């Protein structure tokens, strides 16, 4: 093994020798620089491997003096890992900065090395004063590298930084000196040992001084003003270097020194300051318009989170790996984002429209970093956050969890706001990586790759290996992401094969075990849905190359959810589904904007679900099955949080505003899946997660009827409100979007019944909705594909050109409206019988009203598109492509089958419901007649009656009376006038205007106004809050002084 | 109200003026002063409303008369501004900029008399007549009976009488409308 | 606090406070730099004062025997003032000089860009 | 009863119902004429009209949906009638009500409406969708009091089966739901006005405004199917109301009397009141009728 | 425009010799009857029954052309009450059997009348109300009203007068009903038989013939 002292010695020596080397040429100097960093990486990596195999940490004694007197260094697993990170980031930045005029010069190279050396020194040293020295070395390195910048902004930032750094180093030095006076040693380990024994007045003050010095270097709130300026003003490559080296090292210094701080007061102080930083910086970041400044706030927030976790790790409540994962995640993502920001060059967020549209790898990297930063799976931050929260939960820190979740939500707000811009296609030529040399993007690609690899490794630990369907599909999707050359239809075929393969595997394997538990039920739906979409994809090419890759990842994530037995696995799948569907939604024409809203609500839903799971974890529950054991207030809290989370995800009334946009603006190919399948996954959540808590324990905790009743009314209100809004839509996809949300409202209502019949109704309805809404969205996709328009006013009369699509839509709306004889009626019938059985009379009538209202939009949909007058521009429209029709047929067949024999679905549901409740939902009086306590229904006889009637009447029509003459399109009764054009005859715009007038009081956008209000408040707070950073160096110094005083006032200065 | 006529005469010059009734004044002006006059009337007098715009075919004089009927909506007094234009080059300035409704009148006059109002929208667009291909029907040189005979044949057996002769035959020379009846 | 070095400690503290006051109150960049220098000096003075024990000698070992015998060296340290703070200060002074030089460099560059030394003029980056 | 004979009886029943529907429509015309001081057409005028329409020598059609819509319309009416027991105790006239309960009947009402709407819209005439838009709007509005009344009845009897509801009303006139739950009855009977689309709720057709609304383009044989469908739909609805509120009927005579009474309710209201606009109608139904319906449900809950 | 018809014409205009049945007559029915119907036994009796139905259910196109339009309205009132004869106003030609040309008919209106008439299903009848429809009436020398309605649409019955009162109109309807029952009111057949002749006449007066021919 190489002597670890060389980790410091070699770069230091090289730094001084570099000017000499430079005489051989700048290339040589660069090579030597890189070689040095590679050496560091190699040495630290080798040691890291050793440590991971169980080797003990090594102490290095310098100057021949034993630790109390001499300075010693230590290399343990954490140190080795951090050195690796520093070296890696150093390499990345060196490559990135290679072509930079100033920083890439000789001086720059020296200072880069100096920064790395300083950081490694900070990491390894165990001597307090030595820490100070390395701190100053790092500081000077930073100051000098900043001063290279020619812009005034960089200079200003540097001066502020130096000013606050001066104050901080004074505090630190004073602290060190007094500590030395108190303990008589400068060795950290010695000091830790001796400090508790020293009973000297003022120790607290001294410790406080030391801590403020470190916190100020760590850029915690309120001492982070100059640091944020630095992010904004300094060359991003340099900042990436600083993030990867100095920031990590400083945090490690904090970690080491925090051992001196014992007692609950200090722990509380660390947690509070860390959490305050996390919350405040995340809120303030919302209002930032400049990318790098926003990243600065984000960095502060992330460090705040780490600092917050330190006392809990020290006390053993939170696993160390949580911090490690979060730190690694932050380094990867933040350094990567900074490099990308530099490569792109857009300073304002608005300038990021269409970013990297020419580089798939960079786009993937950007998305990876954003997802990693916001703590989404499978990236390391997710696992870190989960571990941290579990630790907190298990030790009863509920409010801290709440704070972390709230802060994380703000993180979503600004990061995805940024990503939204980046995903929005640019009106002009986008800025991007045109012509960027590989060296410049090497670091970001490396870190993106590492983040993905590390994340995937953990994910596979949770979900299983490549043989599990979820991982298989996810991996296949990931591979597909990179295949650009293939035509989209071919990719669809590949997807088809993958899905079919998985389905074959699943169902072939399932023959042995009883599949018909609830997850098998949803599994069939997901795989069938994915299959249908792939078939449709053979007809309509996806607009973006990444569609099928993301789609496979999405399907994989949903299967992951269904397969998971642990809370972690479930939640990982949940968040994977969230972001993959978000990215898919964003592929639409106005998708990024709609997707952003979708993401925010999905994130909120995810955090609520996470909160609910944490409540469960606090009671020691880690698997879904064990949720049953929850009881009392814990059960109620978990129930509430989870139920609300799932309710937000199904876009219940109040949280519905994301849905129309997301459904309407997502790619036409994806919308059927979004509406048909993804909207059912929260239902699965309700059934598989919430209901497990609900059934036995919430009932005892509080009268479960009322809680369930509330959920029922939420579902009912959703069904009614969304139906009402759907009636007035002018855009066909938006209409279906509102309709989807409303229909899922019925399902939620039926779930909330918590009776066997209710669940039968809910699941029957869910499948039925999946079928007919998928069918409708597919048919509409065909119409949009052929005509290119989406508003009702622009279509009409297409029955003449697209008769098969018309039939598909006709079947869809008859099923949707619940008109006998199609399958929708059985759903309505079950729902009403269940509601009456439960005794929710008003909800029954209310739902009858809502489902009749559905007629209005059903008719509008089919009329405005297919009936009425064919427009001249549509005269040559062709029927939808055959694969799309085939996909529609795949949906129609089950609908017709269920229409004749609802038992096909209800029989399995009987088993399923019996498994949950012990009794089946409906009884079968005869082979075909279903009965409940309230009524009976015979679908087959119904169908027979209708068919016979139809045939008889058709016979009459064909034989009696004259043979009708078909008249031409415009030959209508038009007050004996010649109609001018089809356009003027099509009554499609504002179709239900009188109805709108009648319901005007209900139609005020109150919910939207409420959310606008929320946004206004948050933005107002952020706007007011960020005035805190006045930009004046003196103010920042003053803050540091005041910070000491405030902390002293809290009694820390004993 | 006569003072308005006087003022018009002073400002714009008038060929003749007349107070037909206390609430109906008439004035005849040069065609070229029409637009300034109407502009002035609308801006500075109570005659702000264009009630009517009509034409008369003075075929004997070889002229068309255009009559602009303005109304003072408060005092219920009307002012007829008359002007004559050459019948051969039947063109008049459009006043649709002053009163948008003039467009319709001008369209109708254009269709019925063939008087052209340059700049007015919808000139030449059919208004009442569909597919008219003869000379404008309100011109007095349009022979409606001849047109009838050639286009809309009468049912055989119908007798036509000259109204004037018929009235004279029945009621005597003086007709049936005279003062001492 | 040890008896006998209060004066030095207090002086050091006062100098530090004067330095902070200068940094916080004065608007001129150069004066702010001077303030930081004062802080540095005060800190150095304070640290040295912390290691000062009245009546002890300077921690200079000139007896080669002593150097050879580490055990006796440790014993003999009781007779000298604490050498460690002095060593610290030496380092700190070096660092302080470096930082001050950098600060002055910044001031020069800032003046070149803004033609002013008023610290309030350099707050464009904020919020 | 064997299925074949059942079908035969049902077929006969359908014909009778159509005839009956035409007769009462004729009666309405007569009554309206007399109210207006006219002599009015003969009672059998509807038959003449129907015959005339069938004997028309030419017919025009638009798309194929235009062709099929009358089938849906008539099929909806006939199907609805076939799902409702007309006279209890007479199996021949209980039709096919074993197929489903009140819910099925409620939803089957829409079958014809939907078919009608589809066909009319296919004609490409703007008045058709305008009329449909009004009709559907009005339909959703009266659905609320109607649904509340149905829920009240079903909760009262604890069954959605029409047969059960009839049986629960036996044993005296005061057992009729009309008196057993008068509030629900009020709600349902006001909803009935809207359901029948006579004045004041006849904005759908709105003669003089959007000529005849949806069927503007319909003629000859198509129109005849529509007329028959409308006739039997009206009969089915009043039979349903008779079953639900007036204790059903034990004999054809009782059925005749009761249905006439129910029908004249809407006739007389229509003769007196002017027409509501769509939004007025919607708001009307969502007002006091709904309150009555809610009170009707509460009445059940309190008991 | 000098090729005006020379012959004196009765109420039903005799077509010139050689006029051929037009298009739709060829595909399926002649004089409105299918071959299957023509082959029916008791065709005469059946036709009488049908005519009885038709006569007793006259639906009138609610369409007023001239000043006579105002005379139609009283028919629906209590004083005249034409509903007792089974008549009713229909606002759509697709469901009307009778169209009343109520007074003078401008060329512009003629276009609309023709269109409405052609949209009515057979059998259909035209009633000419007032002198103007017969020979131009007091508008005989107007440049834009037609003088003889029967040159353009087949008139089944004229009701003379200027204007005829509603009683006269009712009497006319009574006569029309009798004619229908007797099978004499066959203007619609005449129209089909002499379609080209009618079209020629129509196109003579309607100069901008922008009416689509897709109806026939």
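In this document, chain identifiers A, B, C, D and E correspond to the written order of the chains, with residue numbering beginning at 1 in each.
Assume a residue touches a chain if its C-beta (ideal position, glycine included) is under 8 Å from a C-beta of that chain, and two chains touch if they have at least 3 such contacts.
The structure presented is a predicted model; accordingly, all values stated were derived computationally and were not measured.
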Least step count from chain D to chain E, where 1 means the two chains touch: 1
Omitting chain E while every other chain stays put - resulting connected groups: A, C, D | B
Innermost chain, taking as reference the mean of every protein Cα atom displayed: A
Most widely separated chain from chain B, with each centre as the mean of CA atoms: C
Pair of chains joined by more contacts [C-beta pairs], A-D or A-C: A-D
Chain A-chain D separation of Cα centroids, rounded to whole Å: 53
CA centroid of chain A to CA centroid of chain E, Å: 74
Approximate Å spacing (C-alpha centroids) for the pair chain A, chain B: 77
Chain C and chain E, separation of their C-alpha mean positions in angstrom: 117
Contacts with 2+ other chains: residues of chain A: 962-963, 965, 967, 970-971, 973
Shared-contact residues (touching 2 or more other chains) in chain B: none
Chain C, residues touching no fewer than two other chains: none
Pairs of chains in contact (touch as defined earlier), listed by label: A-C, A-D, A-E, B-E, D-E
List of chain E residues in touch with chain B within their complex: 1-2, 4-5, 8-9, 107-108, 111, 134-136, 140-148, 151, 204-209
Residues of chain E defined as touching chain A within the complex: 24, 28-29, 34, 63, 92-94, 112-113, 115-116, 119, 210-212, 214-215
In the complex, chain C residues that touch chain A: 16, 20, 23-24, 29, 32, 36, 39-40, 43, 46-47, 50-51, 84-85, 88, 91-92, 95, 98-99, 102-103, 105-107, 109-110, 113-114, 119-120, 122-127
Residue numbers on chain B that touch chain E, as the complex places them: 128-133, 137, 142, 144-145, 147-148, 150-158, 160
Chain D residues touching chain E - in the complex, by the definition given at the top: 29, 33, 36-42, 45, 48-49, 51-52, 55-60, 207-208, 211-212, 216-220, 223
